[in-house]
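What follows is a set of structures for review.
Common to both upcoming complexes is chain A, partnered first by chain B, then by chain C.
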Partner chain A sequence: MKLTTIKAYILKEFMELYRTRLIIMVYLMPSMIVLLFGYGIRMDVTHARILIIDNDQSKFSQMLTSKFEHTKYFNAKVLHVSEKEALRSIKQAKTDAVLIIPSSFEKRLLHGQKSEIGIFVDASFPTRATTIEGYIKGTVLDTASEVAQRGGLSAKGLITLNQRTLFNQAMRDEDAIVPGLIGLVLLVAPAILAALLIVKEKEEGTIFNFYASPLSKGEFLLAKLFPAFLLHSINIFILFLIAVYIFNVPFRGSFMLYWLSSELYILISLSIGMLISVITSRQIVAVVLTVIITIIPGFLYSGMLMPISSMVGESYIEAHLFPVMYYNHILYDTFLIGQGLGSKKIIMYLLILVGFAVVLFSAGTLLLKKEMK
Partner chain B sequence: MSLLEVKNIRVSYKKRLGIDNASLEANSGEIIGFIGADGAGKSSLMHSIAGVIRFEGEVVYDGIAYHSPKEAEQVKPFIGLMPQGIGLVLYNTLSVGEHLEFFADIRNVKKDEKFQAYKEKLLHMAGLSAFIDREAGKLSGGMMQKLSLICTLLHRPKLLILDEPTTGVDPLSRLELWEILDSIRKEEGTVILVSTAYMQEASKMDKIFLFDEGEIIAQGTNKELIDSIRPYVYEEVTCKEECLSFNKRTYSLKPLHVNRAEPTLEGLFFVNALKKKKLLPQVVIAKRDKEIAIPPVVMQAYGITKRFGSFTANDHVDIELKRGEILGLLGANGAGKTTFIKMLLGLYPIDEGELTLLEKVIKSGDDRQTLKSKIGYVSQHFALYNDMTVRENLIYFANMHQIPLKTALNRIEQYANELGFKEYMDELPTALPLGVNQRFSIAAALLHEPLVLFLDEPTSGVDTIARAQFWEILKKLKEQWNISILITTHYMSEAEYCDRVLLLKQGKKIADDTIENFYKTHPDAKSFEDIFLTYYKDVE
Partner chain C sequence: MKIFAMIVSKELLSFLRSIGLVLVVLYSFTADVYIAGSGIQIKPRNVVVGYVDATGGGVSQKILSKLHQPEFRPPVMFLSQKALSDAIFNKEVMVGLVFDDDFEKNYRSGKKAQINLLLDATAASQSLTTLIYLQNIIIDFQSMNFPLVLKSHKLFNQNADNHSFIALTELLSVITLLIVILTAIVFVKEKEDGTWDIMLLTPVNPKIIILAKSFSQVLIVMAGVVLSLGFVIFGAFDVPLNGSFWAFMLLTFFYSISSAGIGLFVAAVSKNVMQVAQLSIIIMMPLIFLSGAWTPVYAMHPVFQTLSLFSPLRYYIEGTESIFFRGTEFIDLWPYFSGVLILGTLLYLYGFRKIGKLF
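Presenting the complex of A and B:
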C-alpha cells in the first residue's frame, strides 16, 4: 500500500468534488428527496367528501349521519337529491362517495330485519377507493352495534369490530414512508456519485494517469470510493435527523444497528455505481443506467408502496434480487419495532447485505482493467 | 545492449489493425521520432510500450521483459506517458501547483529539497512559475501541454513516451517544449519517444520511424531517410503519370529529365505513396457554368472587434481580401482566427467595426441573406451529417442553396470526378479517411458556385499527401474560378501556398504581407516558421 499515493488521490477527489460543486448534489439530493416525497406521498385518506341521502329521516338514520359528520375522515354533506344527481356529482369529481339510507331503515332495524344501505365510491384511484370503502363500512358497523345495544337487542349475530393496528398505532403516513425513503436515497445518491467518479476520468482522458502509474487497481478504487463513502456517511445522520425531528418518526431500535447497516448499505450502493462506472465509457450513459438500476427497484421494492410479503411470483423474486428490501427491513425495524439483533431475520439480512457488498465490489475490481479498450 | 528493445509488437482492435510487426531499439539519451498519418499506428505502439494496452510481442526495458499491461507494472515507475490530446491528463479544476503535488504523490516522489529544486527548475523551464495558482482549465493550449509535460517529468522517468505533444500548440510553446526535452535527456539520460505531425521537429531527432497503415515502413536518421529518397526528388515540373508534385518539388520513381531537388522529410510520404501505387486522382477543375463579375475587393473588414466578457477575442482587426487571392490567417491557438471567420459569416455579432462583403456594407442579418449564395464555408470539423451518405449529404447541401435538382446532380457528379471521391459516394462520412471527408466538404461548399470561400482549419489532422492535394484543389479553384479564399491554419509550412499571410496574436493583427515580402524582409529565414517566430517574439 502506498499511503501517500492514495492520500494524494483522495485529496484530489475532494478538491474536485468541491470545485465542480458536485458536493452540493451529495448533500442536497438526498435531503430533497426525503423532504419532497415525505410530504408528498399520502396513503391514508382524510376528509373524503361523502354525500349522504337520508330517505328515512329517523333517529337511527340521523345517528348514522352524525357519525360521518363527526370524524376527520369524512366531510359529510346531507342533501335531498335523487340518486341520479348524487351519482353525477361523483362523475364531476365533486364528491368521493355517496351513501344512501333507505326509507324504512329504522323500522326494519327495530324489527330485526335486514336492511340495505347503498354505497357508491369513486374508484378512479383504486387504493383510495378501497380505503374509503373500508372507512364507510367501519363507521356503519360501529353505528349498527351501538343501535343494537340501545335497542336492547342482543349483540348476537351482529359483527363487533375489534381492530388494532400495530407498530404504527397512529396510522401515520410519515412513519410508513420516511424510513423507506432513506432506503431509496441511500441507494440512489451514492451510486450516482460513484458512477461518475471513474467514467469521468475515462471520458476526459485523465484515466491515463492511473494507467501509466504504478498505482494498483485496489489502491485506485480505494482512493476513488473513500471520499464518496465519507461524504455519504454524513448523510446517514442528516437523514436520521430529518426523519426523527422533521417528520416525527419514532425511533425504537438501536442507533448503532441503524448506523452500521446504513454504512454497509452505502458500500453496496457505491459498488453498484463503481461497477457501472467500470463498464461504461460515457458519463451520461453511466448516470442514466444508475438511475434506472437504482431508483425503480429502490421505489418498488422498498416496502413503501407494497409489503414484500404480499408480493407473488416474479415481483417476489425480483424484490429479493435487490439489496433495498433487506436494508429496509432493518430500517423499519430500527425505527418502528426495535427488535434489533434479537431477530434472526435481521441477522440473516445483515449477512445478505455483506454478501451483496462483497460480490459487487469484487465484480467491479475484476472488471476494472488497467489498460485501454 | 540497448536500454529499450521492442520486438514484433502487434496491436489489433475490434475492427482494424493498430500496428503490426513493429520493432525498434533505443539507447539512453536518444530522442526517437514517430511520424506518419493519423491512424498509422504511432499511438498503438506508444501505448504498448507504456503498458497501457494489450499487445502481442515483447518489450524489454533495461533487462525487464514484458508482454502485457500486467507484466508492464514493474517498469511503470520508470515510464512517463503523455497521451495525445491537449491537456488530456490535466484536471480542469486543479491549479498548476496542485497538479505538481498530485503527480509527485501518485508517483510516490519524496518531497525533499532536491525535489523542490527540480520542481522549481521545471516550472521555470516551462514558463509557468507565475501561474502556480491558476486552474489548469484556464490555461492556454500551449501552457497546458507544457504543464502536462513537466507533470510527466516529475518522477524523472527513464523512458518518456510523448504522443503528439506539440500538435495544435503554437510555434513558440513548441520551441520551448523541445528545449525542455533536450535538456532533460542530456541531464537524465532519458530515452524519449515522440510522435509529431511537424516534419521540422522530426528532422531534429536522433532516429526517425515512418509509420504507414500499421507498419513501420522506414527508419533511420534524418540524413539517412532523406538520402534514401534523393533519387526520386526533382524540381517542380508538370508531369502526367506516376508522379506527385508538392511544395516546389516533384516526386517520381521513373527518371525525369529535370534537375534534382534537395529532398525533405515530407518527401518520404510522397515516395512511399508512389511505391505503394496509392496515387491520388488528378484534380481538374472546370470553369464556372457562367462567368460572374466579381468586384476587385471581395471582403473588407475595418476595426473589427469581438469581446467575450472582459476577454477581447478580436481587437480592431483590419483585413482586406482581393479578387482571386488566397489569404492565410495564421496564429496560435486562441489568437482569434475562428472568431473572425465566425463574424464574417454572421455566426457571431460584430461588436465594433465595419464589414463590407462583396461591396455591400453589412449592418444587419438581412444584408447577409442575399450574400449567402455567394459565400462558401468549410468549418473546422466539417459540418457533415454522419448518418447520411456522401451523395445524400451533397444533395442536402444543394437543396439548402435551392439549386435545381438537375443542375445539382450534374454538379455533384462533376465534382466527384474532379475532386476524386467518386468511389466513396455511397459511403457514410464516418467510414472514410479524413482526407476524403475534407475533399467532399469542399465540394459541398462549392455546389452553389460561390465567389468567396472561407475555410477554417481545413487541414488539421489530415495527412501530408491529402493536404498536398487539398492545396492543389485550392490553387486550381483560384485559377479557374477566380475565387477568393480566406483560410486559417496552424501549419506554418502551408503559409507558403498563400498569396498573402496575416498574422494574429491575442486578437491583434501583428503582420500582413505577401509571402515574397515576408521573405525579403527576413533574409535569414529558412522557412515561414522562422518568420512567424520572429514576429511572435518581437511583440512579446
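Presenting the complex of A and C:
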C-alpha cells in the first residue's frame, strides 16, 4: 500500500469533483428527484370531477347526489344536459366521470323493479379510472344498502368491514412513495457518479497516467470510489431529513439499521457503476447505460407501485435478482414497520445485500484492466 | 435553401456514423418504451389474501369464494391471528381477513356482522384500490336481491388497460429527453472539437446553420416516433387511435421544435457533453414529472399547476391523450396546439438568440 500516493489521488479526486461542479449533481440530483416525485406523483384520487345528470329529481336521487357532493373524493356538478353534451365535456378533458340517474328511479325502486344507473368514466388515465369507478360504485351501493336497511328490503344482517390498515394508517401517498424513492435514488446516483469517474479518464486519455503509475488496481479503485462513497454517505442523512421533515413520513425503526444498510447499498450501487465503466468508453454511453440498468428495476421492483407478493412468474424471479427489493424491504421496515433485527427475514436480506456487494465489487476489480488494449 | 439541405444531410450522416448514438436512440424508442409499457402495472393483480375463519364456514366461505382471479389469488388459510399478522409483517400477505366466531350468528339474526380486515398499506394506491374492491364485493354480496343495477362504462379504454397508457407516456418522455439532448449535443460536439470556429469561417449565414442543425435533429426524432408507433405502440400494445394520426404527427412536430429550443439553450450554456447531460436532466426531470405524465395536472399541488402552464410538455401530453384515447375532434384540440405553438415559438426564439450570440 502506497498510502501517500493514495492520499494524493483521493485529494485530486475531491478537487476534481469540486472543480467540474459534479459535486452539485451529487447533492442536487437525489434531493431533487425525491422532492419532485414526492410532490408530483399522486396515486390517490381526490376531487374527481363528476357530472351528475339527475333525470328523476326525487328524494332518493337527491340523497344520492348529496352523497357525492359531501365527500372530498368528488367535485360534483349536477347539470341538466344531454348525454351527448356530457360526453363532449369528457372528450374535452373537463370531466372525469358522468353519472346518469334514470327518470322514475325512486318509483321503480320502491316497487322493487330493477332500475339502472349509468356510469361513464374517462379511462384515458386507466388507474385513476379504476379508482374513480370504484369510488362511484361504492358510494352508490352504500347509499342503496342504507336505503334498503331503512326500508326493510333486506332481511339479513348488514356486513361491515372493520378495516385496520397497517403501517400507513392514513394511506398517504407520501409514506408509500418516499422511502421507495430513497431506494431508487441511492441506486441510481452513486452508480452514475462511479461510472463517470473512470470513463471520463478513459475518454480524456488521462487513464494512461494510471496505467503508468505505480498504483495497483485495488488502490486505484479505492482512491476513485472513496470520495464518491463519502459524499454519497451524506446523502443518506439528507434524504432521511427530507423524508421525515418535509414529507412527514414516520420513522419507526432503528436509525442504525437504516444507516448501515444504506451504506452497504451505496457500495453495491458504486460497484454497478464501476462495472459499467469497465465496459464502456464514452461518458454519454456510460450515463445512458447506467440509467437504463438502474432506473427501471429500481422502480419496478421497489414495492412502491406493486407489492412483491403480488408478482407472478418471471417478474417475481427478476425481482429477486436485483438488490432493490432487499434494500427496500429493510427501508420500508425502518420507516413504517419497525421490526428491526428482530425479524429473521431482515437479517437474511441484510446478508444477501452483503453478498451482492462482495460479488459485484470483486467482479469490477477483476474486470478492470491496468494496461492498454 | 441548398445550403440548408446540405447541412441537414451532413448532420444526418454524422448521426448515422456514430453507431453508439444510433443504438441509444433506437433502444429508447423501442425497447425502453416496450419495457416500461409491459412492466409497470399499477392495478392490483394477484393480491395474496390470508384469512382466519372461526365461524366454521358458511357465509364466510361464500364471501371468500367471491375473491377470484385476476385480482386476487385463492385465499390462504391461517390458523391464528398471530400467524396471519406475522405473514403480513413479512410482506408475504397483503390482505388479512378475520371472521370472528359470532360473525355468522350475527349475520343470520339480522344484527351487524363485522369482518376484521388487516391491510398492508405500504403501497398506498394498491391497498386503496384493493380495499375498494373488497368493499364492493361485500356490498355486492348483500345487495344481490336488491333491485339496482349499476351499468358502468369505461370510455375509450374499456379494460382500463394500463400498458398502452404507460407505453404512450413513456414515448412522450423519450421524445422530450432525446430532442433536448440530441440538439444540444450537435452544437456542443462542435464546440468541444473546435470545428465551431471553422463553421464560422465559412461564408454560410450562421442563422441557416443553426436552423438546419436543429431541424436535422427534429427529423431524427420524428423518424424515431414513427418507428416507435409502428413497432411498439401499435405493434406490441395495440393502443387505440381514436383521433387523427396526422394531428398527432403535427403536434409532435411543433413540440419537437419547441424542445429543440430548450436544447439550443442548454448548448449555449454548457461547455462539454457531460454538462449537457447534467443540465438536460436537471431541466427535463421537473418538466416531465410536473406536466401530467404520472398524475393529471389538476390533481397536483396548486403551485405546480400554475407552473405547469409554462411547460409545453403539459399541452403535448394532454393533447396526445385526447387524440389517442378520447378521439377529440380537431377543433377541440386548439388549446393544445396553441399552447405548444406559443411556448414553442418563444422557447425556440430564446434558444436561437442565446446560441446565436456565440457567433
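Odds and ends about this structure:
Please note the rule applied: the second predicted complex is superposed on the first by the 348 of 373 C-alpha atoms of A that agree within 3 Å, B and C clash if a C-alpha of one lies under 4 Å from a C-alpha of the other, contacts with A are read in each partner's own complex, and residues count from 1 in each chain.
Everything that follows uses one rule, which is that a contact is a pair of C-beta atoms (placed from the backbone, for glycine too) under 8 Å apart; a residue touches a chain by one contact, two chains touch by 3 or more.
Values in this document were obtained by computation on a predicted structure and should not be read as measured data.
In the superposition on chain A, A:Phe125 makes contact with chain C only, while chain B stays out of contact range. In the superposition on chain A, A:Ile33 makes contact with chain C only, not with chain B. Taking chain A as the reference chain, the count of touched residues is higher for C when chain B and chain C are set side by side. Residue contacts after overlaying the shared chain place A:Arg252 against neither chain B nor chain C.
After overlaying the two complexes on the shared chain, residue contacts for A:Asn209 are found with chain B alone; chain C is out of touch.
Look at A:Lys77: by the touch rule set out above, it reaches neither chain B nor chain C. By the touch criterion defined above, A:Lys67 reaches neither chain B nor chain C. Shared-chain residue A:Lys217: touches no atom of chain B or chain C.
Residue overlap on chain A between its contacts with chain B in one complex and with chain C in the other: 20. Residues 20, 22, 25, 28-29, 32-33, 36-37, 39-47, 49, 87-88, 90-93, 108-109, 112-131, 133-138, 140-142, 144-145, 148, 153-169, 171-173, 175-177, 196, 200, 282-285, 287-288, 292, 296, 299-300, 303-312, 315, 329, 332, 336-337, 339, 343, 345 of chain A are the ones touching chain C in the complex. The touching residues of chain A, when paired with chain B in their complex, are 2, 4-5, 7-9, 11-12, 15-16, 19-20, 204-206, 208-209, 211-216, 369-372. Of all residues in chain C, those touching chain A in their complex are 20-21, 24, 27, 32, 35-36, 39-48, 63, 88-94, 106-129, 131-136, 138-143, 145-158, 160-162, 165, 185, 273-274, 277-278, 281-282, 285-286, 289-290, 294-296, 298-301, 304, 318, 321-322, 324-329, 332. For chain B in complex with chain A, the residues that touch the partner chain are 47, 50-54, 69-70, 73, 76-77, 79-81, 83, 85, 88-91, 93-94, 98, 101-108, 135.
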